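When the chains are written out, they are named A, B, C and D in that same order, and each has its own residue count from 1.
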Amino acid sequence: MLITEIGYTTPTSVVIRGQDFSTQILGKMDFLDIIMLTSVGRTPTPQEKVMLNLIMVTAAGHGITPSVIAARMTLLGAPEALQGAVAAGILGGGSVYLGPIQNIAQTLLDISAQLTRDASDDEVRAAAQAHISAMAAQKKPVWGVGSATHQAGDPRVPTMRELARDNGFYGLHWRVLDAIGELLSEQKGRPFCANGAGALAAIVADMGISPALGRGLMLTGRCASLIAQLLEEQQTPIAQEMWDLVLKQDPRCGK
Amino acid sequence: MLITEIGYTTPTSVVIRGQDFSTQILGKMDFLDIIMLTSVGRTPTPQEKVMLNLIMVTAAGHGITPSVIAARMTLLGAPEALQGAVAAGILGGGSVYLGPIQNIAQTLLDISAQLTRDASDDEVRAAAQAHISAMAAQKKPVWGVGSATHQAGDPRVPTMRELARDNGFYGLHWRVLDAIGELLSEQKGRPFCANGAGALAAIVADMGISPALGRGLMLTGRCASLIAQLLEEQQTPIAQEMWDLVLKQDPRCGK
Amino acid sequence: MLITEIGYTTPTSVVIRGQDFSTQILGKMDFLDIIMLTSVGRTPTPQEKVMLNLIMVTAAGHGITPSVIAARMTLLGAPEALQGAVAAGILGGGSVYLGPIQNIAQTLLDISAQLTRDASDDEVRAAAQAHISAMAAQKKPVWGVGSATHQAGDPRVPTMRELARDNGFYGLHWRVLDAIGELLSEQKGRPFCANGAGALAAIVADMGISPALGRGLMLTGRCASLIAQLLEEQQTPIAQEMWDLVLKQDPRCGK
Amino acid sequence: MLITEIGYTTPTSVVIRGQDFSTQILGKMDFLDIIMLTSVGRTPTPQEKVMLNLIMVTAAGHGITPSVIAARMTLLGAPEALQGAVAAGILGGGSVYLGPIQNIAQTLLDISAQLTRDASDDEVRAAAQAHISAMAAQKKPVWGVGSATHQAGDPRVPTMRELARDNGFYGLHWRVLDAIGELLSEQKGRPFCANGAGALAAIVADMGISPALGRGLMLTGRCASLIAQLLEEQQTPIAQEMWDLVLKQDPRCGK
């Protein structure tokens, strides 16, 4: 049958996951509740909400990223279509930005699948080392650790780890990630610990939500940040100046 | 200077609106806080949060819309790019869907600009009637009232109105909207009261946030709902069936 | 009935506008033929093809535009989704870039609606002046003339005008555009003649194709140019360098 | 240096691949010329043009596809943004639709890398069988052959093969594809020959253009077909009816 379990509308009501939108949801659930209700069919616990907020606040809190440049450039050409500029920014959330949360979470799930919940530190380190070795053998990078911007370590990660601990979500997947970071730091002789994407992926994995939903939360957070950037662009535009700056690098343009 | 006031990153920190992301924001602010902090430079009051949640929960709580169909169809062709399917769904948030919140909020602001905050009911009705007459003269529809789906009235609006009242946001713009609804119901002889888009627009206007931000909140809420729909499509696909259903309408396809 | 007149597929054939794709179209029609066949139901004349090529070649022939920056930035974040980067670039084709072709063509059609096909030069100039005056009264810019980049005149326009003349498409709409350019150049005391967008719009109007199709041809041409830019980005990336360049403008980033 | 080799603009000229746009390109090159000039740095031969047209005409000639539904649904919500509806349609050109041309072409190149240009039929069949066996071992489907819609064989492929032959592009990659089709037809006991995507991929591989450009040509052709569909939607809308049809499948909607 061609239906969605998420919800439907009748002439007299709107129903979401079996609940009446007007009497059971509106004013009783917040945005995180409805995200979880529609996506996984239940509302989150207070501890889960702390984590969900952490994920989405991180996705929303940043300066000028490639997505932001794409969105502002799009608004320059199509100021009448805010949704188009948002969409252009969303489109950069692929395998290099935002998408890695999903892939790293899946990797942490895969590495941890062979471990019991009360695995010893040695077992965790052995699993972490096996992953590092496997990636080296395949000449693939190890994701989730190290940061080009923050050479001494991503400043957000210690807070993320602490919040995860405080709310009961520092589990096996965080431990694997941290073991990878420690091993690589030792082997490289310089800090190579968990980065923001890795920490968020560990949280997703330790919360037990699907990696795909983790990516979805990032995209929603990113959407909010694009709105903020585009509202600023409407008031104090910088896209034209960015374009001029790029053109100025080309000596052939003769100006 | 080519900078954004929203935030920036240094080798040792991330700064959003002058606050250190790791120590002042993470774990201390929720998603609505960061939306308002990045967009308007301050965090919302508890009453404002109730309203912001109402707006975003409404944007997120729905069944199969044209946006959802577009997003699911896109995932059918490009399952590897979740961000592309989300973007396709976002692109339908234009002048007919989601965008009207912005336009109606602006219209309510324009109508109310000539009224004082303590305008009498008669003054509000006169302004409402002037708008109805002006639209009729220009052969344009009056937005924000009436619903094709919910002929007897959008079931969500009474709850929205009550929440607005309870939190101090039932002001001049809501009164203008309700006056328009009453006048048109009288004149048409059938219910033609505030619809969901109208109610949300009145809330945006009475909160004093910009109509463009109102639209942005809707787009962010829509983003979340698209995620839920696309996660379901990954698990229980219906897009192919929708396509087959459409093709079956064409007798020439011979099957 | 839920069908498209453009075409359909059966178990044994593909039919486009009533023609069998395999025996009547493939190898017998070129890309411009199929564009016109699907869009307006007939193939173009050789003279029309010269003009269609001119429009699409112009849309495809350019260096780094805001659309290109948006597309390259998107590929940086999502290299696995070429279609996403193309879409991001397409999204900038709105009211400021590409879209104006449609609006200017419509404006030229409106101005010319009151003129006969053999209107005298004086009549054309009078209509042009009326438009200039109307825009001035509404404090709106006159589109289709003047160029920020090419102060002395868009170098492509004389060739476009000549090709239009040679193929029988220098008609009333071109004359109105050139009259606007001449009048404004006189009034401003500096060159303010037809620019690229204006010339293409005049061609669209004088060909008698719809302004919306004109815009569509531009979008298709733009699509081709984005492909070329993105293939280059895959081989010789510059997006990261563009981003670094932008970040370097912000003294707060401390590097 | 932050430049593109494709082109640039100066105050007095536009230059594409070293050629002056106004005097050497406009009116002298057609759309296929500029596509190849910008993408690979040279214009195509007449034989190559026949093939390029075949590819793009095929991408442009179709009825209602998932992309078309996505594009029309988007226009329903945002009729003011034609570019957004086109972008929504483009976004469906991923790993399942359009994208396979690139992947199959790459696969044909990989299979053929071990063969000499004058490989015997037996050698070609052996390479084809090795590929079929490898896919079976990995439980992956063999792409480029078989068609769900056209059970007896894609009616477009014989014409494509003939045109490839006539223009000197029936080479090693076509031979490998046809060998795969013959072997699978024998092994399955029913027609399982080259489909449209396979044939186009073979053409791309035998032309020696990059698989990524092959995909780009498809996206450009798709763009043109979306324009035709969207112009029809503007004139004779069917998107609302499609949506209603989908909603009608859900008995809970109560109507």
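The criterion applied here is as follows: contacts are C-beta pairs under 8 Å (C-beta built on N, C-alpha and C of every residue); 3 or more make two chains touch, one makes a residue touch a chain.
This one's a predicted model, so the numbers in the text were calculated from it and none came from an experiment.
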Where chain A and chain D overlap in contact partners, by chain label: B, C
Copies chain B and chain C - rotation angle from C-alpha fit, nearest 5 degrees: 180
Chain whose mean Cα position lies farthest from chain D: B
Residue-number overlap at the chain A/chain C interface, same or different (half cut): same
Distance between the centres, which are taken as Cα means, of chain C and chain B, whole angstrom: 33
Computed distance of Cα centres, chain D from chain B, in Å: 38
Separation of mean Cα positions, chain B and chain A [Å, integer]: 24
Shared-contact residues (touching 2 or more other chains) in chain B: 2-3, 8-9, 11, 63-64, 78, 80-81, 83-84, 87-88, 91-94, 98-99, 242, 245-246, 249-250
Category of the chain touch graph - line, ring, star, complete, other: complete
Complex contact set, residues of chain B against chain D: 63-67, 69-71, 73-74, 76-81, 84-85, 87-88, 91-99, 239, 242-243, 245-247, 249-250
Contacting residues of chain D [partner chain C, same complex]: 2-9, 11-14, 16, 21-23, 25-27, 29-35, 38-39, 49-50, 52-54, 56-58, 60-64, 68, 81-84, 86-88, 90-94, 98-99, 149-152, 155-156, 158-160, 162-163, 210, 212-213, 215-217, 219-221, 223-225, 227-232, 234, 236, 238, 241-242, 245
Chain D residues touching chain A - in the complex, by the definition given at the top: 1-3, 8-11, 15, 78, 80-81, 83-84, 87, 246, 249-250, 252-255
